[in-house]
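Everything on this sheet refers to the single structure shown next.
Labels run A, B, C and D following the written order; every chain starts at residue 1.
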Amino acid sequence: MTGHLKTWPIILALSILSAPLVLMYAYLFIDTVTNSPPGSFIPNEFTLEHWAFLWHTPPGRPSIWRVTFNSLLFAASTSLLVIVVSSMAGYVLSRLNVPARGFFLAGVMVLHAFPAITLIVAIFLVLQMIGLYNTLIGVILVKAAIDMPLGIWLMKGFYDTVPWEIEMAGIQDGASRFTVWRKLVLPQVKPGIFALWLFAFLLGWSEFILPQVLAPSGDVQVLSVYLASLIADDNNFDMALFKSVGLFYIAPVLILFFVFQNYLMNIYGGGSKG
Amino acid sequence: MSASRDIVESGPARIGTRAAPARPRFAWLNSSKGLGLVLIMPALLLVIAFFLAPVILTGVFAFTNMSTATGITGGAYQISPGALRVLTDRYGMGELAERLGQPTYVVDEQGLAALAEMEIDQDIIDGLKRRLGETFSSRRDFERVIRDLPTRPNTRTVKRISDAFSRSLANARFASAGALMSAAEAIDPELTDDEKAALREATYTGWSWTTDNFRRLITSPQTMRILFNTIFFVAATLLIFNTGFAMLLAIATHYIPDRPAGIFRIIWFLPRISPAVIYVLLWKWLAWDTGFLSAFLDNFGIRPRNWMLDSAFNAWVFVILINGFVGASMGMLIFASAIKAIPQSLFHAASVDGAYRWQQIRHIILPHLKWPILFVTCYQTLSLLTSIEQTLLSTDGGPGGATEIWSLAIYHTALNNYAGNLQYGYGAAMALVLVVIGIVLSLLYLRLFNYRALIIKPRIEH
Amino acid sequence: MTKHLLKSTVAAVMLVSSAGLASTEEVKISVWSGGTSPNDIYRVDAIDIAADLLEREAAVRGEDLQITVEKKPTNTWDDFKQAVTLAAEAGNAPNILVTGHEDIAPWAQAGLIVPIEDYVNLDAWPINDIYENLLEISSYGGVLYGLPQDAEARPFFFWKDYMRQIGYLDADIDALPDKVQSGEYTLANVLEDAKKMVDQGLVQQGYGFYPRPNNGPDYWQFYKSFGGVMEEDGKLVLDKAAMQKFYQFFVDAVNAGVTRKNHIGTPNDQWWAEVASGKAGIWHGGTWHYARYVNQEGLKDFFGSVAFSLIPAGDGGEPNTLTHPLVYLLTSGHDERATAIAADLVKIASEPRINALHAVKSAHLGITKQESNIDIYADDRWTREATERLLPYANAMPNNADFGTYWNAMWSGLEASWTGQKTPEQAVNDLEAELKNGLGEAIVIR
Amino acid sequence: MRILLDKFSKSFGAVKVIEDMTLEIKDGEMLALLGPSGCGKSTTLFAICGIHKVTGGRIYFGDRDMTDLPSQERNVGVVFQSYALYPHMNVAENIAFPLRIRNLPGAEIKRLVDEMADLVHIGNLLDRRPAELSGGQQQRVALARALVRRPNVLLLDEPLANLDAKLRLEMRSEIRRIQLETGITAILVTHDQVEAMSMCDRIAIMNAGQIIQIATPKEMYRNPRTTFVAGFLGNPPIAFVEAEARDGMLAVKNADIRLPVPPDAVTPPDGTPVIIGIRPENLGPEGDAIIRGRVSFIETQGRENLYDIKLENGSVLRSIQRVRDDISLDDEVEWRVRSDRLFVFAENGERL
């Protein structure tokens, strides 16, 4: 059905539309390893000077490695928490005969679209009450809680595809409901869990507002906050530095994306927050 | 048949029954209810802590005048200049304000006794005794007197001594109304109940209940503007990018070979997976005075400028571009898979009919996209209503508040403004509006998308 | 037997450690400051120096005091204030804050800060040498909450070259500050001269008058220039006529083409670079800009290139400038001993010699009278001239718990009229409505 | 082990699926629950194995009341239509799973798994994953897994439905062989009468939540209690015509056909409307009563042909006969039936 008209005009049109994006991402890379004469965007020399931040910590800022470690810890813990909590709750909503199950399910859907960010003052107060303000654990909990409804929703979807008969067989084989879930059902949704983990990891890695507000201090700073404060500091305007830190920051995202794009597109296509 | 029975009788494989497994040690592991409650508990706790409690708190905050000045966790009673002014202006108790608020230090027996109790050096007490009855209206003056005593006490002690002789409540801070009243009565034993009530209200530093936030929200000209901005932002982004452009991408990639289609999909996916901070930075690089756009257009004699904040119009263009590029990918994926699901035979039939591409699009693709479009619209309306990071990092609502949208205004009001006076109460009232809209919209969508179908009864009944 | 051994070991360890505690007192003092660029690093470093001195004083008295100072300078204000407020609510505010004096009122009401006068002898050196008006600015309700950390003033700047080219003689330029001071040269003249510069092509369209590109205390100066009053008898005041004239002034500047309509939001760094390289004709800023121009932007011959004066008067007002001292504040919620030590550190950091380091490095003005007798301060032409010519005319923003609300609202009104979204009249009416709504009887509108 | 359902009822919400059903399965017997979809046969099966809670009545295994015990304690082996093998485990692990749950020692497990694999002839497949097996092989694995823990009863839920025709034939006899070899009590749920007849000792035929008849396959075929039973068993299926008792004979309505009352039936009074069931194999050249009609359809089945005969009143009878060349479409024929093989039912479907 595509054969009877030429495709190149479409490709050309799409290329033109995509040009700004390609340009931005291309220069994200180019500018970090080159210098260009003022007013020009054609590089005239290759340099690694913009990457000096990797081994030289500017005064008053935490070390990039510390921040990277925090980001890693933040994203890893958040995503882990999300998959654990979601794979448990998702199973309940998909399979178990609990009271008010419909209510829970509707609740998850409402929460999924919830303007959580607007509750941030109240969330701050909760964190403060439980003594987790300005700690990484606190933001991890909050971020996991915010990502969780989507996680539960997705996990429920994954569980829904597991045949009931497998569970019935497990029960007949003498396994408890818990064992059935743990030993028989969970292995069936492994790819789904991996996709959700990846998705939550990227969300955590990208998160800015929550750590900015709920964990601002230097020793718990994450990369997004670090980069944002670098940009906001009007004493050291250095686009090439911003971009180098930015590339350093976005590189893991791009790598994970290119390797696992199918997993991710499935999840994003299935409906995530935009 | 009887022959086979014989085989069985003699065969070795005849099986007797084996005992069923013992009951599991934890009964909940095996009941749907028990296991369900255990498995859902972590999620429930997170929901309670970070959704439910905050919503309730926000609801509570919305009916208070909470701000930086009042604090969140509660207040004290302070005879501050402001409080005295309120006492004078609002309650007409200027005289009382005068009596309580004028700093006075009186060298009296009561104070001397207090000193003795504090085990202050007897020389000092004696020295002060000599000035019995004297009154000072400034702490500094009185402390000078203390320091002039032959045995000069250290600063800390001076402070303690002067406290002991303070006979006014100026700037005194009390943790409870009771403490305030007993202190006030010590100075003026004849306080009437009216005066007490006025005093209590005027000196309270913490937040108090009020519906002013909503009155203010309704009457403020700012609200209308932000509301308009928000509606414009959501509608424009939704129409142009999240559905319109997404559809364009989905249809266009449908008509080109898989390889280039995949590449374009990846390109358009980049904005979504990129962390907001770096993604917006790239836009800034494009739009700043010294950025790409300025340098490029300079060649054509167009003066460099900050394209992003150049005018309200430009700012809107960029805010919508920035948010729209992120939003387009979701629609793109959903529409693309919907198009893929259209039976090929329909397309073939159409091409036999000699329908051109646009007719295919109009008569075959678009009708099939009705539900996906509705879904994306619903979904992204909520997403856009609550989106904040991209706008915060790019225009931050500027220039001149032109791109200030509701969620951002909440953030600015309640958490982040230049003057640092954070208005939690007012911000919470604004947040509550969004929360209510969010809940109403999502319940509406649940109805629309046949929520009942989602809750099929579990097939295992135990 | 092993049990006995264990017991005695524990006892021994406890003995040693408690003995150690008795002899060495270890105190951790944290200090956070906002608006701190590399030039202003002494805002926090001064506490370091003070800690060293205090430790030595203690050692002389025979005490072993060890102070660890944790410093956290922040560049931006919004994030700093957000972090401080939330940290304070959470009960882990730093011991010492360096912030604008206008925060004293709300933070005192909230109980976030404690009066420094409860901890220091106001008659002792160096507090008795601090300018009275600065102490007043650091007080709220007659109580001294903090000690000023620096002082400054916010002058008008003129790019001399362009002034000459539009017809000013060197002598005229030298006389300009006096003419501003006497009210002879007004904001109307500013627009005229800026227009000339633009018309003659000396500067680009929109660069004749090149004001601060974002919200700041600076803008209250223009309100003042048109006769506005910020506070009277402890109550905030909105003078509608003055406010409208002030808004109108910027609208006129835009209409005349001397100021860009889209000026607001220009990145700070870009703005710095432009004014320091002569891209703008007339602008305004703060005394500390001098440090930025000279140290960071490469404007070596400042005095040869730039003239400065008070903010000229407008219609119905007087020439003025604004001082916006930052103050050292002590936060509540710490143990008494730590707060007392923090107070001592702040006191020592206010020593003229230590404060002069900050004043000169960051081109701020001194806080004590004796600072003029410190060579490094006295030898600095900028601090000397600015102190003499500007400081006497400096006003300050009021310490009022509601001032922040007023300030934010004033700014959005200015933004709206500047960018042409409202007429100044509309903007002022909206501002009035907003303030009546938000502040009620706490503001007087005239 | 003997299984007894005693006045068993089951409802889903307000919908009563099964009411007061009593059914006994003898020890070592293989019983088919036969019926159209929705008749409640799977519900019965799920109640026996404990996946469903019963609404009323009791379930006994032997003398033990199992009604309130969870599935895990009933020790029931189930083979599902989809086999429900665990995809992430290989064959050996699948079979071993019930034993692992019972915490048997590893060596014992291995021994039992091997023994069971030999019984179902999959000893060479133990290392494979389910996805690498054919349908028949998966079926055998499912059987092995169900049998390995020596269940009280083996339940087979449409076990052959997912197999192609040839495999179905093979597995039919295999399942029966294994059931006989192990001597286990088994219940086969199916909608396919051929399966039920060929595999089971007895058939319980169900409709609308009730058991209509329980009997051996032969008895049920020869002696159906209702039109439903008669219509359900037999392929090609039985044909029915409406008739009326007249003068001790049965007169087909609107047709000039009279059939005698079969000897085992009570002769109804005159004017009683009845339904006559004629099996295709009983209509042909031989017999004692004459039926005239027109050949309306011929289906070649290889060895035999199936003929549809349209009577003058429009109803259609079927006849299965050896292939013969003398009959072609639209021929008027005059064939006979054996009156002793006729079934006569009352209007409500009950056999007379």
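Rule of thumb we're sticking to: a residue touches a chain if its C-beta (ideal position, glycine included) is under 8 Å from a C-beta of that chain, and two chains touch if they have at least 3 such contacts.
Worth saying up front: this structure is predicted, and the values here are computed from it rather than measured.
Asks: Among all the other chains, which ones are in touch with both chain B and chain D?
Replies: A
Asks: Once every inter-chain C-beta contact is counted, which two chains account for the most?
Replies: After tallying contacts for each pair, the winner is A-B.
Asks: Between chain A and chain C, what is the separation of their C-alpha centroids in Å?
Replies: 40
Asks: Can you work out the whole-Å distance between the CA centroids of chain C and chain D?
Replies: 93
Asks: So the centre of each chain is just the mean of its C-alpha atoms; given that, what is the distance between chain A and chain B in Å?
Replies: That gives a centre separation of 20 Å.
Asks: Please tell me the distance, in whole Å, between the geometric centres of chain B and chain C computed from their C-alpha atoms.
Replies: 29
Asks: At which residue positions does chain A touch at least two other chains?
Replies: 125, 168, 171, 174, 176, 179, 213
Asks: Can you tell me which residues of chain C touch two or more of the remaining chains?
Replies: Within chain C, residues 79, 82, 89, 267, 270 contact more than one other chain.
Asks: What are the residues of chain D that contact at least two other chains?
Replies: 50-51, 70-72, 75, 101-102, 149
Asks: What are all the chain pairs that meet the touch criterion?
Replies: In this structure, the chains touch in these pairs: A-B, A-C, A-D, B-C, B-D.
Asks: In the complex of these two chains, what residues of chain A are touching chain B?
Replies: Contact set of chain A toward chain B: 1-2, 4-5, 7, 10-11, 13-14, 18, 20-25, 27-28, 31, 39-41, 84-86, 88-89, 91-93, 95-99, 101-102, 104-107, 109-123, 125-126, 130, 141-142, 144-146, 148, 152, 164, 167-168, 171, 174, 176-179, 181, 202, 205-206, 208-209, 213, 223-224, 227-228, 231, 239, 242-243, 246-247, 249-250, 253-254, 257-258, 261, 264-265, 268-269, 271-274.
Asks: Note which residues of chain B are touching chain A in the complex, please.
Replies: 20-21, 24, 29-33, 35-37, 39-40, 42-44, 46-47, 49-51, 53-58, 61, 72-73, 242, 249, 252-257, 260, 264-278, 281-286, 290, 292, 295-296, 298, 325-327, 329-330, 333-334, 337, 344, 347-348, 350-351, 356-357, 360, 375, 379-380, 382-389, 392-393, 407, 410-411, 414-415, 424, 427-428, 430-431, 434-435, 438-439, 441-443, 445-446, 451, 454-455, 457-462
Asks: Which stretch or stretches of chain B touch chain D in the complex?
Replies: 4-5, 7-8, 11, 13-21, 23-24, 30-31, 457, 459-462
Asks: Could you list, by residue number, the parts of chain B that touch chain C in their complex?
Replies: Listed in rising order, the residues are 67-73, 75-76, 78, 80-82, 85, 89-90, 103, 139-140, 143-144, 147, 155-156, 158-159, 170-171, 173, 205, 215-216, 219-222, 288-290, 303, 305-306, 309-312, 314, 395, 398-402, 415-423, 426.
Asks: Going by the contact rule set out above, which residues of chain D touch chain A in the complex?
Replies: For this pair, the touching residues of chain D are 49-51, 70-72, 75-78, 80-88, 97-98, 101-102, 145-146, 149.
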